[in-house]
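Presented below are the structures under discussion, each in the form of structure tokens.
Common to both upcoming complexes is chain A, partnered first by chain B, then by chain C.
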Partner chain A sequence: MSIEVRHIVKTFGTFKALDDVSIRINTGELVALLGPSGSGKTTLLRIIAGLEVPDPTSGPIFFGGHDVGSQRIRDRGVGFVFQHYALFRHMSVYDNIAFGLTVKPRKVRLPKEKIRERVMELLHMIQLDNLAHRYPSQLSGGQRQRVALARALAVEPHVLLLDEPFGALDAKVRMELRGWLRRLHDEIHLTSVFVTHDQDEALELADRVAVMNNGKIEQFDTPDNVFHQPATAFVMNFLGQVNQFRGRMAGKGQVRIGKHRGRPAEMVLSRKNWTDDGAAAIFVRPHDLKIVRKPIEGRLCLPAKIERIHSAGAHVRVDLISENNENLVAEISHLDREQLRLEPGDSCYVTPTSVRVFDLIEQDDLVEQGAV
Partner chain B sequence: MANLRGQKKFVSIVPPGLRLVERSVLPGFKLTMGLTVTYLSLVVLIPLSGLFLATRHLTFGDFCHIMQNDLVAKSFKLTFGASLCAALVNAVMGFIVAWVLVRYRFVGRRLLDMMVDLPFALPTAVSGIALAQIYSEKGWIGQFLPIPIRGTPIGVTLALIFIGLPFVIRTLQPAIADIDRELEEVSASLGARRHQTFLRVIFPTLSPALITGFAMAFARAVGEYGSVLFIGGMIPGKTEIMSSVILSKLYEENGQVPASAVALVMLAVSFGILLLINLIQIWANRRFALAN
Partner chain C sequence: MTEEEKQIIRKYNEHRKSILRSTTEPRGVRILLIALSVLFMSLFLFVPLVSIFYEAFRSGAGFFLRAVSDRAAMSALRMTLLATCISVPANLVFGLCAAWCIGKFQFRGKSILVSLIDIPFAISPVIAGLLFIFLFGTNSLLGIWFRDHGYRILYAAPSVVIVTIFVTFPFVVREILPVIQAQGTEEEQAARVLGARGWHIFWRVTLPNIRWAVLYGVILCNARAMGEFGAVMVVVGNSPKTNTLPLHINALYQGYADPAAPFAVATLLALMAILTLVLKCFVEWKMSSAESDA
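Presenting the complex of A and B:
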């Protein structure tokens, strides 16, 4: 079932948690709400669920075309999974999962054997067949979260909402559960929305990611697009590591970055349709920052000094400090590092292979992107 | 090997690997442990064992004989019956009061919250005379009631309700405050109606605290004397409670032994009930062991 909210506003006291948010989630989609804490992502999820009431000036909330704005959570048919599982401690795993089926009005309640069948089916799905009679306190975090998920799915909700579902788990369990949830979603195709502040989780798991900041959705797009074509400086900054330079636009498709040997270093970008002479923020991903020993003619090459080298990993991460005391990070291959014979303390040059420039006057407006 | 400072070497009487306590950064285990044992012995254990000593010559038959005495049996029933009723009433009403005090914010909440402690703080004679006055035949409330309160078992129960009031409320308040709102939310999302959420989610979560509060209110009621004296009047066979029976036995000729015998039975029953409640508690705790 599709979900659509229009012009949602929510204020807590004087704090504006959601500022005119609209989003449309298609049937069967798995969508991530990604953002730092306080960005309003959990509030949006809770409003969709019916756990929170939006301000009266807000627009409607549609589930599959029906306005559910006036319905309470009980009637909306949502499965909600909390970060800390919210399992009923005094009930066994079996009773937890069966809960939603047993509280139904007698007329529509399944007979006991049917409930039993359904619960066993779900237990099998979450791979906990043997633990039906355990209590939540006897389960690991990952197992508890799977039970919470099964409990939510037992009532066959129209949409599944998950609030930081893996937030309380350790890294390894989180990875496993992530993959498991993706496979599960591919099987049952239930429209699902999950909240996370972990970008890897959002990018890996979701069909589309809504990046939120300050009560607004900055960008709502596929993981590929939010990562490679960030719509705003915030999205660029929030997703993955990034090197930021301050500079000025100098017209004719040129951007000036800091000072290099007394004169501004200039960079020519491929397209040239931005306003002349404005302050600019220039972003370069670590893997787009190349390290060279000697400056290359015709390219912007900034002198820098190597501070640290982290080589434990798939790539070598090099921490550098530029002439203007900017901290830079470059990610290079182990092969490159060996060929360049880089050591901490060495002087070298960095040259961006791909940059994104955002106008600083209107911080959030994308001006131009270009390869150098 | 000679100790350099010439002190006696400390020899542990506990075999290695079987330490009594974890080694702690704070010193003084031996001193404080010694004090604890001595203090508890002096204050609790020795006086109570005196009861056993005083009745050491009595046979089981003698005990039965003393307890079967009509007045003793009646007061026994009254004491435990009225205490049980009072504790039950307090459990139900205390639950409601505690819920309101924790869950709702309203003008005068602090004041109500303070009032809960009054039965704790007041001397029992004060509460006794206050209750006796308003519930007497001509009292503010008593004059409107069709049945007499003062000098009846109902009056006794009323006094016991009064003095047991804080226990259930004070034990439930932190437990209610601790309830995770998410439990209610998840229950609602699963389609539970409000009464289902309450009966199946909230109530079971609170039951350990409720049992504790009930046990404390009950224990306190069994031991109450002062306020019952005022409103009940200790009429033998009607409103006389065990404490009073023990007292009157003590003033009889050679009454020390029978008084001790009655006291011992009371001790045993109280202890048994508390033990039972504790067992229920342990059972409940094991099942509801903290999830996080």
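Presenting the complex of A and C:
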């Protein structure tokens, strides 16, 4: 069932948690709401569920084309998985999963044997067949998480909403559950929305990612597109590490970064539709920053000094400091590092192979953030 | 055992001792502290309790039975049970409602309500009694209304019940509230999303989670309701018809009855108190095991 919200506003006192948010999620999609804390992602999820009421000026909420804004939670048909699971602590795993089925009005309630069958099926699905009589306190974090999911699925919801589903788990269990949830979604094709602040989780798991900031959706697109074609400076900054330079746009597709030997360093970019002579923020991903020993003719090369080299990993991460005292990070291959014979304290040049430039006049918030 | 092994064990024991030395008080201090508390407990708690029973049975079991089964004693027991049986359930219902709405919802005037709940704790029972004398007295509107409609409040059973409710009012709320606040509302929200209605949520999710706190509050409330003296004394004076057990014991003690009689009746109250104490210990033990489960 598709989900659509239009022009949702939510204020808590004087704090605007959601500022005119609209989003449309297609049937069977797995969508991530990604953002830093306080960006409004959990509030949006809770409003979709009906656990929070949007401000009266807000637009409607549609489930499969029906306006559910005035419907009670229990009539919306949502499955909700809470961040800290919220399992009923005095009930066994079996009773937790069966709860949604046993509280239905007598007329529509399944007979006891049917409930038993359904619970057993779900227990099998979450691979906890033999723990039916345990209590939540006797389970590990990962097991609790799966019980919470089975409990939400027991009532056969139209949409599944998950609030930071892996937030409270350790790294290894997280990875396992992530894969498990993706496979489960591919099997049952339930429209699902999950909230996370972990970009890896969002990019790996979701069909589409909504990046949120300050109560607004900055970009809603596929993981590939939000990562490679970030729509705003915030998205660029939030997804993955990034080097940021201050500069000026000089017209004719040129941008100036800092100063090199007294003269402004310039480079020519393909993007031409910007305002001339405005302040600009130039972003370069660490893997797009190349390290060279000597400046290359016709390319923008900025002198820098190597501070530290982290070589424990698939790539070598090099921390540098530029002439203007900006901290830079470059990611190079082990082979490159050997060929260049880089050591901490060495002087070298960095040259960007791919950059993204954002207009600082339109992106007021960026001025505050400074160099990364 | 080889010499080497023996040495290892000796070293281990020495190490253990040094750890014990650095983390506990010297033996003498420990003994002194324990002895002091045992002495204090026996002087102030155990000896008086035993002496009540001793005094009660000094004139023989026959006298004891007569003293506790005479009409005045029986009437006092009935009055105490009446006051307890009404005030405890009333405060249970009130306590659950108040703790539920304070713990689970946000509303204006919440902090005022919380401090109002503590009033019976803060003021002396005698003042509480006087308060009701003013409220239901012959010159007050409420007093006149009740008199005109043929109800007797003061110097009768209703006033005993009312002041007992007033005095024992905070016990249940005060026990439940912290537990409810610590548990938050996530489980209730989960139940709501799963389709449960308000009543269901209360019975199947909230109540089971706070059941031991509720019982603990009820026991404390019960203990206080049985033992209340000052407030009841003010509203009913000292008439054999409306005496509760504490008042009856006082009357016997002040009067010319056999000196063993008040002690005999006091054993009834003491026995009820001991029973309450045993229940309280059991509930405390249950609560702590429920906590360590969670």
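The rule we apply is simple: the second predicted complex is superposed on the first by the 362 of 372 C-alpha atoms of A that agree within 3 Å, B and C clash if a C-alpha of one lies under 4 Å from a C-alpha of the other, contacts with A are read in each partner's own complex, and residues count from 1 in each chain.
The rule we apply is simple: contacts are C-beta pairs under 8 Å (C-beta built on N, C-alpha and C of every residue); 3 or more make two chains touch, one makes a residue touch a chain.
A quick note: this is a predicted structure, and the numbers were derived from the prediction, not measured.
The superposition on chain A brings chain B into a clash with chain C. When the two complexes are overlaid on their common chain A, residue A:R341 makes contact with neither chain B nor chain C.
With both structures placed on the common chain, the touch criterion links A:K294 to neither chain B nor chain C. Legend: residue contacts after superposition of the two complexes on their common chain; A:V103 is shown touching both chain B and chain C. Touch criterion met: A:H90 reaches chain B and chain C at once. By the document's definition of touching, both partners, chain B and chain C, reach A:V78. Contacts of A:R144 after superposition on the shared chain: chain B is touched, whereas chain C is not.
Annotation: chain A residues 49, 51, 73-74, 78-80, 82, 84, 86-90, 99-100, 103-104, 135, 137, 151-152, 155 touch chain B in one complex and chain C in the other.
Looking at the complex, you find that chain A touches chain C at residues 49-51, 73-74, 78-80, 82, 84, 86-90, 99-100, 103-104, 135, 137, 151-152, 155.
Chain contact summary for the complex, chain A toward chain B: residues 49, 51, 72-74, 78-80, 82, 84-90, 99-100, 103-104, 135-137, 144, 148, 151-152, 154-155.
Only residues 180, 182-183, 185-193, 196, 200-201, 204-205, 287-292 of chain B touch chain A when the two sit together in their complex. The touching residues of chain C, when paired with chain A in their complex, are 186-187, 189-197, 200, 204-205, 208-209, 293-294.
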